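A short write-up of the structure that comes next.
Chain nomenclature is as follows: A, B, C, D, E and F, assigned in order of appearance, with residue numbering initiated at 1 for each chain independently.
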Amino acid sequence: MEKFIEKARTLVEALPFIKKFNGATFVIKYGGSAMTDEKYKNLFIQDVVLLSLVGVKIVLVHGGGDDISGMLKKLGKVPKFVDGHRVTDKETLEVVEMVLVGKVNKEIVKNINLHGLRALGMSGKDGNLIMAKKKKSHGKDIGFVGEVTSVNTKLLETLDRDGYIPVIAPIGVDALGNGYNINADSVAGSVAEAMKADKLIYLTDTDGVKISGKYVHSIKVKDIPKYIKSKDITGGMLPKTMSAKAAIEAGVKKVHIINGTKEHSMLLEIFTNEGIGTEIIK
Amino acid sequence: MEKFIEKARTLVEALPFIKKFNGATFVIKYGGSAMTDEKYKNLFIQDVVLLSLVGVKIVLVHGGGDDISGMLKKLGKVPKFVDGHRVTDKETLEVVEMVLVGKVNKEIVKNINLHGLRALGMSGKDGNLIMAKKKKSHGKDIGFVGEVTSVNTKLLETLDRDGYIPVIAPIGVDALGNGYNINADSVAGSVAEAMKADKLIYLTDTDGVKISGKYVHSIKVKDIPKYIKSKDITGGMLPKTMSAKAAIEAGVKKVHIINGTKEHSMLLEIFTNEGIGTEIIK
Amino acid sequence: MEKFIEKARTLVEALPFIKKFNGATFVIKYGGSAMTDEKYKNLFIQDVVLLSLVGVKIVLVHGGGDDISGMLKKLGKVPKFVDGHRVTDKETLEVVEMVLVGKVNKEIVKNINLHGLRALGMSGKDGNLIMAKKKKSHGKDIGFVGEVTSVNTKLLETLDRDGYIPVIAPIGVDALGNGYNINADSVAGSVAEAMKADKLIYLTDTDGVKISGKYVHSIKVKDIPKYIKSKDITGGMLPKTMSAKAAIEAGVKKVHIINGTKEHSMLLEIFTNEGIGTEIIK
Amino acid sequence: MEKFIEKARTLVEALPFIKKFNGATFVIKYGGSAMTDEKYKNLFIQDVVLLSLVGVKIVLVHGGGDDISGMLKKLGKVPKFVDGHRVTDKETLEVVEMVLVGKVNKEIVKNINLHGLRALGMSGKDGNLIMAKKKKSHGKDIGFVGEVTSVNTKLLETLDRDGYIPVIAPIGVDALGNGYNINADSVAGSVAEAMKADKLIYLTDTDGVKISGKYVHSIKVKDIPKYIKSKDITGGMLPKTMSAKAAIEAGVKKVHIINGTKEHSMLLEIFTNEGIGTEIIK
Amino acid sequence: MEKFIEKARTLVEALPFIKKFNGATFVIKYGGSAMTDEKYKNLFIQDVVLLSLVGVKIVLVHGGGDDISGMLKKLGKVPKFVDGHRVTDKETLEVVEMVLVGKVNKEIVKNINLHGLRALGMSGKDGNLIMAKKKKSHGKDIGFVGEVTSVNTKLLETLDRDGYIPVIAPIGVDALGNGYNINADSVAGSVAEAMKADKLIYLTDTDGVKISGKYVHSIKVKDIPKYIKSKDITGGMLPKTMSAKAAIEAGVKKVHIINGTKEHSMLLEIFTNEGIGTEIIK
Amino acid sequence: MEKFIEKARTLVEALPFIKKFNGATFVIKYGGSAMTDEKYKNLFIQDVVLLSLVGVKIVLVHGGGDDISGMLKKLGKVPKFVDGHRVTDKETLEVVEMVLVGKVNKEIVKNINLHGLRALGMSGKDGNLIMAKKKKSHGKDIGFVGEVTSVNTKLLETLDRDGYIPVIAPIGVDALGNGYNINADSVAGSVAEAMKADKLIYLTDTDGVKISGKYVHSIKVKDIPKYIKSKDITGGMLPKTMSAKAAIEAGVKKVHIINGTKEHSMLLEIFTNEGIGTEIIK
């Protein structure tokens, strides 16, 4: 019995946080091991469902790296990179789209729906959700790689009003119908910007951002360029921190970078004052 | 850190219960020490707020025995009882109404509002919420003691639609404007009946219903008359079990009788499979 | 028959006034003999019901002086005054609240409902309707006496949309849950201000405001300070005229001070061009 | 001053009647001297406006006899009658329609609008309000004389929702677009039937129905055939009482036949218990 | 079969135009032979119905010249003109109103309704749709000839929301209830202005506007005064072009003057890039 | 010019059909060459857009045979069939889902959106749109091949209310989250059934159903079993006609089987009385 009372106490301790985020909008970039590793997958979905049930409006944006590479390999496509960007020809784009939209997206949708909620998966082509344009890399043509030009927030509001959780694959489309593969971190940033989200959360496989070799709890937006110059921020943290900067400058309240391989890391970040990853704030 | 993860696990364990009761209506009879003892008061309010934030629609009905007796005593009124019913003359009724509506009710309203929710207190006279008629006790006139004839559920729905938690004092009114003091247990039962509530919860100072000297976990409605005859059910349990019977026969799904002096008893009853009080079921 | 035709003529004569106030909001401070004397009580309720039926949105704010003093006396509390303000300790506040909310308020609610309308009584604690702060009197602590800081007009609109007449007891609450006894005249003024009411009506026991010993029909807001200085305006007229001034400066169209012991004085003020009390205008 | 108080008393005396009819639907057949005589016209409009402002939903159906005959005469048409029905050829119908819709209807609309309300005039052709079919008189073809087959109550509800008072000219239309002149008494009856009106009121130039040479206050529907056989009911009272019978059998609560040349007769009928014309009841 | 495929091709060719005007508002001045000649009448109604079904919101304003003159003649009224304006005494106005509202208007309403749509005819008096004032002609009194002062667009929106097509007779009313005969071209212009219509279309009996003796396809608003001075624009084209100018300056996107005696001229103007009449643009 | 008038005439000829289907729901099974051949693709989309603009509510269900086989071949999967059903192991299902949802579905969505409409693609997993169960073939396990158990029509209504055209890939899901490949013809039938569609249209590569070697214009539902027995109906026509039968028995008004390789065949079927394929009726 004492065990149960302890449990009830925990629920009640979460009250101030539940009250704080009731009605808030969280855009979550879902990726890394939390998306691919069976161990973490279910824990993540539980966290999403819990947040949704206590009144948080969730929008998921997912990536899909490993599955894409696997399929391209099976199909005998030799990967080509320019300045770290995958050169995306028409055939590669088709595979990217198939894997992201037809496999990864529906897997997430299915898992959420299994918990009794109602998720609805979308490519950026659906209802022209993500309008995009071709991205150049230092002036070089890297194929069908895009960047977001606008987000159809009205569609997201319609779905929210009827209680659906949107799950978005990072595919964009331009006015001529060309599809584009877009970095999922920056799609998440653009969606958060367009919705003026309360939080933008990046799920990664590390414990946050390292500055001078140590994970830090909090970073100010104005210091990001400095850390990029000092090479503290590099690699996959670049699009995350750049998108975080843009999002915060456009009105998003806070950005979190947290470790999806830590059990319930998302709840810990939100339901404790300490948090466990790196927050990016104004 | 492990402590926090443990907490998150507890939150997630509550998921199936949260999902089950999201959107459900609970009518709670609030009374006993949980209402008068500072130790339990705050714990109860926290439970109410938590249930409300995870999507349960709460209606509170409260009693107010001790405060009433105290005030009557201060005013020099000598209590008179007939068959266990307080004989309620006009002056007594006025005191009952003042204490219940002007003191006890507003104290509860204030406490809930302090937690950031919006409670709205009401007497049965407000918006003709509780229509009542004179109750006779074995043919004897016991004054302005009443029983419920109908409940204005439309008002409760209006308040719910705008997110207010109704807090109801057990005063009724008849078509001529006469006020009546009504047993709070039976008001709670009538409100639950009228709203076809999912749960009707009685908060008491004991661990439930004792049959043959032992607290039992579950009672079937059809056995209640038998237990009354056998004097297993007596005293304050009589109006509770009788109202429970009527409520369940009118479509309320389950009635709980739980101990409000056990920390978070309401959460335990709802968020665990075991529960801790007595449930009354079909 | 001629008598009846005469009656019909009277109804028709009221047409221009009915048209003028259809859809308008009147905040009425209800007090004095019109509230306590059986002779005038029913006449007042009839006036309220009539105004409501011809399309005026009514909000009542009531006082309750005599009942409070009576109850305090019965309980053996010795009144203490500082600069004309009743020093309100915790115990006194509790009695004030019980009498105002549990007795006076419900009596008015009941009387309106008896006429087939739907009134809903509220303390300022309900739905945090009246937020208040402690008032100081010339720097001296006079206990739980407050002044209004804000009014939850959204709740009043919700009730109006569903056809309920709000009846407000002048109790306020602060962010810490402390209750305050507030002058009913100034609560009425604050409610009128917050709702940008068309009319604010003070029901008193005199024929209006006397200037140089004579009742005047009309007073300009800008002249009020002058009349206060000249001691034409003193006593109970001070909070009324000061609240009237604030209300008109905040957009209320007109304030009336009328005699509630004159039969149908409110109708006369509104349905005739002459009026019978004192109006305060810009 | 006493005079004014007397007036207020009269307003208050009307309260029970106002309460009774608040939200009720009255279909009024407007005709006779009340429509053509300047003396009575304005009094009638005032009554309509008053009823509307105290919450009665009004639908007017008007006739137009004299104006039609006048215009036909000016145009040199020789009237022809069969069994009391005007034989209506195409040219006659055109004149009837022009006078009813283009003149009489707009005159009424204008007069109501002058009082600050919003009337909207309609022929049965507008929005297919009155669908009709050809009427035969004892097997003889009497031209474009029709009877109602259905009423588009949805249009009337739309107009009511936005606060418009419908004013209907008794012209019907069939599925082929043929127009029909219809007896205004029976159009009023059909509209009242279709709307399940609370009252159907016939304004005439006499004091009601005479039975055995004396005006009677009340007639039972079941006695109408008897009175027709006994020739107590003849002439213009035939379509009124027949439509009244059909309306009451279809759910209309009460039918009134009152004298429009008596000042405020409509108010008297409604706002007094005595009434002044003949009522037809179940 | 090939014939049918050709037809389908034509439907599909109309697609870009249908998409362009879906949801747009067209105000159409209906007059001339298209309104009086049986040959063109039905073709016009078909065009209106087609536009309505592909999502264009239609408002019709009609004239009625010939019918009015015919009726005045029948009634022996001798026409009198001042500066080209018909001097309109009270009796003339009555005839104008009867013919326009009671005959012409209802004929159009009936014809549209026969095609399964729902038209609702109105005079400017209905719901105070067209408020007007007396017009003077060079300082001379020409009787009840008016000009528009305001349009009750709210009524038009109400009707549109429920799918009714408003058909408006060019009669206005002032605050005293005086009716006015108004030039239908300028009523159409005022309605288009008030509704900020996408198109204002004048149906005439000529192929558009002639400049220097030749029909031109397009006229700029700024050139209209020049063409009036040069007498290129005279007679009936004056009110059309002047109203067009005012409408475009008030935000109407385009004005068309087209020949209603050319089969389907309205569709040709709208569904082809070439068009067939004269457009007036900014 | 004459050419243009001819075009307008064609538009007007379509009027009765447009009126007939305004507001109707068409479920279209999109497949065969009309989906894969560039020649016919664009013509089909134009037909869909036209129907949508004239007020038809469209729901598309598509297949994807060739693309699936192509991809399976590329991935080296050897196809295995049992009784004509493709044996669908887990890996095959994954490929089927990727191709249908990630490629074929988004291609259709993109093409419709390019025409200015708003299509939203969905798998049956999205919002649990298509609930399914495992299908057995003569008792043999053929893997993840399913049949529809229910359709979430509420989601389709939500999308329709906001003007989105649903495009559905024939993937179902069961309560445990297992995906199923379902015959697109029978998904279309189930969707039409669930929505009580006005029309269910099958687009094929032949001119309809052949009976005794000749294409027939019309088939009665009751004759379908007979034609199956006589082998007139075989192969791909079996699921179509069986689904048609079930749909019509469940309230769908008419089923059409038409040739998608004939230009504008869908418009011809709908906008002409003759039609060009085979209709299945009650």
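The rule we apply is simple: a residue touches a chain if its C-beta (ideal position, glycine included) is under 8 Å from a C-beta of that chain, and two chains touch if they have at least 3 such contacts.
Remember, it's a predicted structure, so these values are computed and weren't measured experimentally.
Student: Note the shortest touch-path length, in steps, from chain A to chain D.
Tutor: So the least number of steps between the two chains is 3.
Student: For the copies chain D and chain E, give the interface type as same if over half of its residue numbers appear on both sides, and as different if under half do.
Tutor: Counting which numbers both chains contribute, over half are shared, so the two copies meet through the same residues.
Student: Measuring between Cα centroids, which chain is at the maximum distance from chain B?
Tutor: Farthest from chain B by mean C-alpha position: E.
Student: Rotation angle, chain C onto chain F: superpose the C-alpha atoms of these two copies and give the value as a multiple of 5 degrees.
Tutor: Answer in degrees: 180, to the nearest 5.
Student: Please tell me the distance, in whole Å, between the geometric centres of chain A and chain B computed from their C-alpha atoms.
Tutor: Their C-alpha centroids are separated by 45 Å.
Student: Roughly how many whole angstrom separate the Cα centroids of chain B and chain D?
Tutor: Chain B and chain D have C-alpha centres separated by 56 Å.
Student: If you average the CA atoms of chain B and of chain E, how many Å lie between those two points?
Tutor: 69
Student: Give the list of chain B residues in touch with chain C in this complex.
Tutor: That would be residues 74-75, 94, 97-103, 106, 109-111, 113-114, 118-123, 125-128, 155, 158, 162, 164, 171, 173, 176-177, 179 of chain B.
Student: Which residues of chain D touch chain C in the complex?
Tutor: 1, 4-15, 18-19, 22, 43, 46-47, 49-50, 53-55, 115-116, 262-264, 267-268, 271-272, 274, 276
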